[in-house]
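Two complexes, one shared chain (subunit A), two partners (subunit B, subunit C).
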Partner chain A sequence: MEEISYGSARRKRLITNTVVYVALSILAIIWVFPIIWVVLTSFRAEKGSYVSTFLPQSYTFDNYVKLFTDTTILNFPKMFGNTLFIAICSCILSTFYVLAVSYCLSRLRFKMRKPYMNMAMVLGLFPGFMSMVAVYFILKALGLSEGGLIRLALILCYSGGAGLSFQIAKGFFDTIPVAIDEAALIDGCTRWQIFWKISLPLSKPMVVYTILTAFIGPWVDFIFAKVICRANADYYTVAIGLWRMLEKEYIDSWYTCFAAGAVIISIPIAALFMFLQRYYVDGMSGAVKG
Partner chain B sequence: MGFLSKKVNEFPTPYTVKAAVTNGGYETKLSMLIMGFGNMMHKQAAKGLVFLAVEVAYIIFMIASGGHCLAMLPSLGTKEQEEVWNETLQIYEYTQGDNSVLILLYGVATVMVTILMVLSWVCAVKSAYKAECFDKEGKHILTFKEDLKTLLHENIQKLLMTPSLIFIFGLTVLPLIFMICMAFTNYSKIDNHLVLFDWVGLDNFTALFDSNSILGSTFWSVLLWTLIWAFFATFSNYIFGMILAIVINRKETKGKSFWRFCFVLSCAVPSFVSLLIMRTMLQPDGAVNVLLRQLGWIAADSSLPFFTDSLWAKVTVIVINIWVGVPYTLLQLTGVLQNIPADIYEAAKIDGANSVQIFFKITLPYMLFVTTPYLIATFTGNVNNFNIIYLLSGGDPVIDLSSTAGSTDLLVTWLYKLTIDKQYYNIGAVIGILTFIILAIGALVTYRNSKSYKDEEAF
Partner chain C sequence: MKKKLAVLATALMSVCLVGGCGSTKQSVPKDGEVENIRLMVWAPSEDQSKDSGEWLRKCCDAFAEKHPEYNIHFTYGVADEATAATTVAQDPDSSADVFMYANDNLTVLTDAKAAAKFGGIYEQEVVDTNSQTIVDSLRSDGYLYGVPFTTNTWYMFYDKSVFSEEDIKSLDTMLERGVVSFPFTNSWYLPAFYIGNGCTLFEDGTVEEAGVDFAGEKATDVTNYLIDLLANPNFVVDADGAGMAGLRDGSINAIFTGSWDAGSIKEILGDNMGVAQLPSYTLNGEQKQMYAYAGSKAIGVNSSSDHMVAAIQLAIYLGSSEAQRLHYELRNVVPCNTELLNDESIANDMLVTAQNNTFNNTSILQPFVSAMSNCWTPVENMGKGIRNKTVTHDNADEQTQAMNDAMNSNGL
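Then we have the complex of A and B:
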């Protein structure tokens, strides 16, 4: 009797496991499929956006070569350089803002603390680009909307609001024991030294996470760059470039190059993401305390 | 949410403006007119000079341009640009007319500068009074150098927060106030008010709420779809992500990290890239239709109307949102799931609970408790989810050609179309404000009723 029930339990478990694995495989294919498709497209030799076959007929490396050498219509290398420059600068600025603000909110108690946090929450409820038109007018009034200063304008835009997204970093700082700070204070450290020499080194994962998310921002933003660059094609970022490749006049000759460009900017971001995954989970579960 | 709870001053100080007015000496009272005077009288010459410099700079600014900007604010300019025939040069010359946008922008900026000035005035008076009191009591008065040093210790928040506050006010708050002001003007392409416009009060709001007009009916349908979208987008992601996380986290499932990798791979691709890819794949002649034709599931010349039929388009964007969002949900919920203490489960098993009971009595309540703030943030994010709609369907299909919105347009994408494409800036601003109000009410109600708000001090 016992033998049979043991056997049926095992069979039952076998069935559930099979169902689970089949379901997971189907879902995994759905999730991976578009990515494989874009990688295949980036190596496709036939031009044009709409083809009658699903898989490419022949493979080539030309799309990547064209992307970096054909600079007459869409200057991808230049866009790449622009984005890299903007990303590095805004990354430095916004990392400082985020870390400084979240350290203060986590460790210090001062009068403006609660008002500041409330303000951040209220501002977060407004549609992000509602103010975008106004930002453009402001930058124009400051003379930043023409020529090389567009880069500066974009840097300001990407880093300007960074101080409002302190939640994850603050959650991380909250987990560092206050006793460490107190011990340092008794030993005669100033708050600045505690911030610079104790808190920051202790929260390396958080610092890395902040730096990388700030770095990725300009690569994946598309709306802000479009509103601020307008017709100044010299200062386009990669995101606008890729978008333009899919416009009606370019899509036929540039479609496979779009796929190549997408792969190229996805690789570093994918690498960063794999590396960050751990911190991402940590940061999130640290920020909301159970 | 301090404005709803009773206000308690946690940081009392004897050096307030009120005390300075009643108890301050002549030098303190004089520093209400000449900022920094009190400090200069009490061994803080450098600090006093800084205050004085601020005051002088403000006065110069007001005389040079600020006063003019403020004076123009009520009328927003009246002079139109005109053509004048120049007899000597035999050409038409254009007179410099008023530009209402700039007048409004400079006006708002001047108001902000003035508020800043008032704050520094308060600072100056307090500081003068403090110096006076310290001098009387014979306490040590900080020199300028020592004052700067406190920025590294007692007042470090001033050093660390000021730079980012400046940017936040310049690039977030100022533009927002500017846009909110626009909602009360007739700044729009209608009747050609793009250069010169006026205050119109609440006219734009009444126009939008008037359900007989085309604008009003569009608003209600867009609002309805936005709420439906946000609801389905948030909860489909949440439920699906939770099921996936639980299934992958099961003890019996082998290769956990492999499965997780498969799903997470898709969020490594920037979302705008994957959205553009999706869009091209789902076109009438895109990859999906080609694949279906090759498999023989649909006729060789037909295609599924992913973005051309209203209902299809709505379902498509929600389904694709699941594809885009679930990996993130999976990542976050996995972290939360692993944090649930194992002894709770063991205790439940010993007490004879089955897995359904465990899920509804332990896992779900715990998850809801921890992730309520996350759910609210996701809902807010979805109401404001510009990228997915703009890049996927662009708001299409447009059913009613006379309206400005398509059937998948959210409030935000409609706002974009109205401001950038149509240049109806005022209506766009009104929609922005209404979106904010809807979100604020929703967030306040759910936030304050959630357990995590009541128990958590930090938020």
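Then we have the complex of A and C:
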């Protein structure tokens, strides 16, 4: 009797596992499907935006070559450079803002602490692009809406509001025992040294998370870039460039290049993630042990 | 002492204010004096790319040479005709002095008071060198708001090896001979059938109060025709580039699009490429002509330009026969200057002929009254409804009426 029930339990588990794995595999395929399709399209040799077959009939690398060499109408390399520059600068700035603000709100006690947190909460409820028109006119009044200063304007846009999104990082800092800070204070550390030499090394996963989100935001943004760049094609970012490739004049000859561009812009994000991932895992395995 | 200081400060401030005003005023140079000016010009990137001959820079340089009284510093920006008007209207102060726009955006510009009016000799010159219809497409309340440089419409591209000159006169004959694709779910194209059977938009396109008349038996008949058309095995709905793809692999023999696709189609069909005005279609045994929406593309001048005279002169030059000829040679932009159209080398161009025939014979001026913005989605939904078979012969009547109601309401 016992043996039979043991066998049926195993069989039951086997069936459950099979069902679960099959379901998960199907979901995974559905989920990865569009990405594979974009990658395939980027290597498609047939032109045009629409093809009747799922798999390309022939493959080529020309779409990537065209993307980087045919720069007279849509200058992708330049847009890529612009975006990379803007994203890196605003990533550094806003990571610093977020971490500094979170640290202050977690460790320091001052009069405006509660009001500031409430205000940030309320402001956070509004979508950012609501202020877009105002932001544009302020930048224009400061003379930042023309020429090379557009890059600066975009960096300011993307990093300026970072201090409001401290919630997650503050939550993380709260989990690090204050006793560590106190010990450091007794040893003669300044607040800055505690932040820089003790809290940050203990919060690698949080730092990584902040860097990733701070980089992806400006990297994929379309609305602000479109409003601020207007007719200054020299300062377009990739999001505007990819959008233009789908306009009716370009779509037929640029569609496969659009797919190639989409693959290429995913590379910096993927690279950043892979590089930072090991810290992510390290951090997750427990920072404050021993 | 304090009082004196205050007086001094006030005086200083008022001087600054006057000075501020003075600097925005246009200084009128004396005879023989060269005026230093800055002009910002926006055009599509193709007009500025080296590969297609830098039309804009060449024209601007030529203009500067013709006008020694100005010492012009040009600044170029990229804005295509479809979006330039919106961008200018958003912030005229920091937009181009001279820009190119499609006439369906004229109300966007006039609502924002962003476009300069052309008058006097400049207006006369535009009127003299263009057909009445084109000039009308740039008028609002009697004022002229730009210099036209090309027409903007769609027509038919077909494979000459499949259809004869005689076949292409009727859509139904074409469907017997080969496969035809039409952007059925695109509301820039679909009204062609309705307008063909007597449906009207704002009477002649200018009377906003008159509303849209896409109702009654004449419209229902067309809906029924379209349902049958979709069921025809030789008919393919062109959406998301399906028509072009079909032309490429040979499964489709005729598509409806405009000059922007001409280059790609030439590459596919080669010498077999045919271009023609719209065919007619057979409704209840009668031949009905299809009518496309047509408009123009024009060069506009910013009403807040600091150098109005020079800007208007530049606009006139960019729309002149000389600049249009260069535009045609470099980028195949179909000219609209009446003299130029009589020029043999241009008149023999198949694409020019087709575009102009369409403009003159088988199109209506696309209305640019504000209420026109309510007319796009209902027609698109009708096209999609027929394709998805939710609009059938049984409910064609009420669905057509619903479309008409939606076109006449602002959705609020």
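Rule of thumb we're sticking to: the second predicted complex is superposed on the first by the 265 of 290 C-alpha atoms of A that agree within 3 Å, B and C clash if a C-alpha of one lies under 4 Å from a C-alpha of the other, contacts with A are read in each partner's own complex, and residues count from 1 in each chain.
The rule we apply is simple: a residue touches a chain if its C-beta (ideal position, glycine included) is under 8 Å from a C-beta of that chain, and two chains touch if they have at least 3 such contacts.
Values in this document were obtained by computation on a predicted structure and should not be read as measured data.
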Check: For A:Y64, is the partner it touches subunit B (first), subunit C (second), both, or none of the two (neither)?
Finding: neither
Notebook entry, point to check: Counting only touches as set out at the top, which of subunit B and subunit C does A:L74 meet: first, second, both, neither?
Noted result: second
Checklist line | Dominant contact partner of subunit A by residue count, subunit C or subunit B | finding: B
Notebook entry, point to check: Now for A:A141: first (subunit B), second (subunit C), both, or neither, which partner does it touch?
Noted result: first
Note to self: Once chain A of both complexes is superposed, is A:G163 in touch with subunit B (first), subunit C (second), both, or neither?
What the structure shows: first
Next item on the list: Pick out the shared contact residues on subunit A: the ones touching subunit B in one complex and subunit C in the other.
Entry: 49-52, 137, 255
Item checked: Complex contact set, residues of subunit A against subunit B -> 13, 16-17, 20, 23-24, 27-28, 30-32, 34-35, 37-38, 49-54, 96-97, 100-101, 103-104, 108-118, 121-135, 137-138, 141, 156-157, 159-164, 170, 174, 190-193, 195, 216, 219-220, 222-223, 227, 239, 242-243, 246, 255, 258-259, 262, 265-266, 269-270, 273-274, 277, 280-282, 284-285, 288-290
Check: Okay, in this complex, where on subunit A does subunit C touch?
Finding: 46-52, 72-74, 136-137, 140, 145-146, 230-233, 247-249, 251-253, 255
Next item on the list: Would you pull the subunit C residues touching subunit A in the complex into a rising list?
Entry: 42, 44-46, 49-52, 77-80, 82, 84, 87, 91, 94-96, 240-242, 244-246, 248-249, 251, 260-261, 264
Next item on the list: Give every residue of subunit B touching subunit A within the complex, in rising order.
Entry: 1-3, 10-11, 101-102, 105-106, 152-154, 156-157, 159-161, 163-165, 167-168, 170-176, 178-179, 182, 244, 247-248, 250, 252-253, 259, 262-274, 276-278, 280-281, 283, 285-287, 290-291, 294, 323, 327, 331-332, 334-336, 338-340, 366, 369-371, 373-374, 380, 384, 386-387, 390-391, 411-412, 415-416, 419-420, 425, 428-429, 432, 435-436, 439-440, 443, 452, 456, 458-459
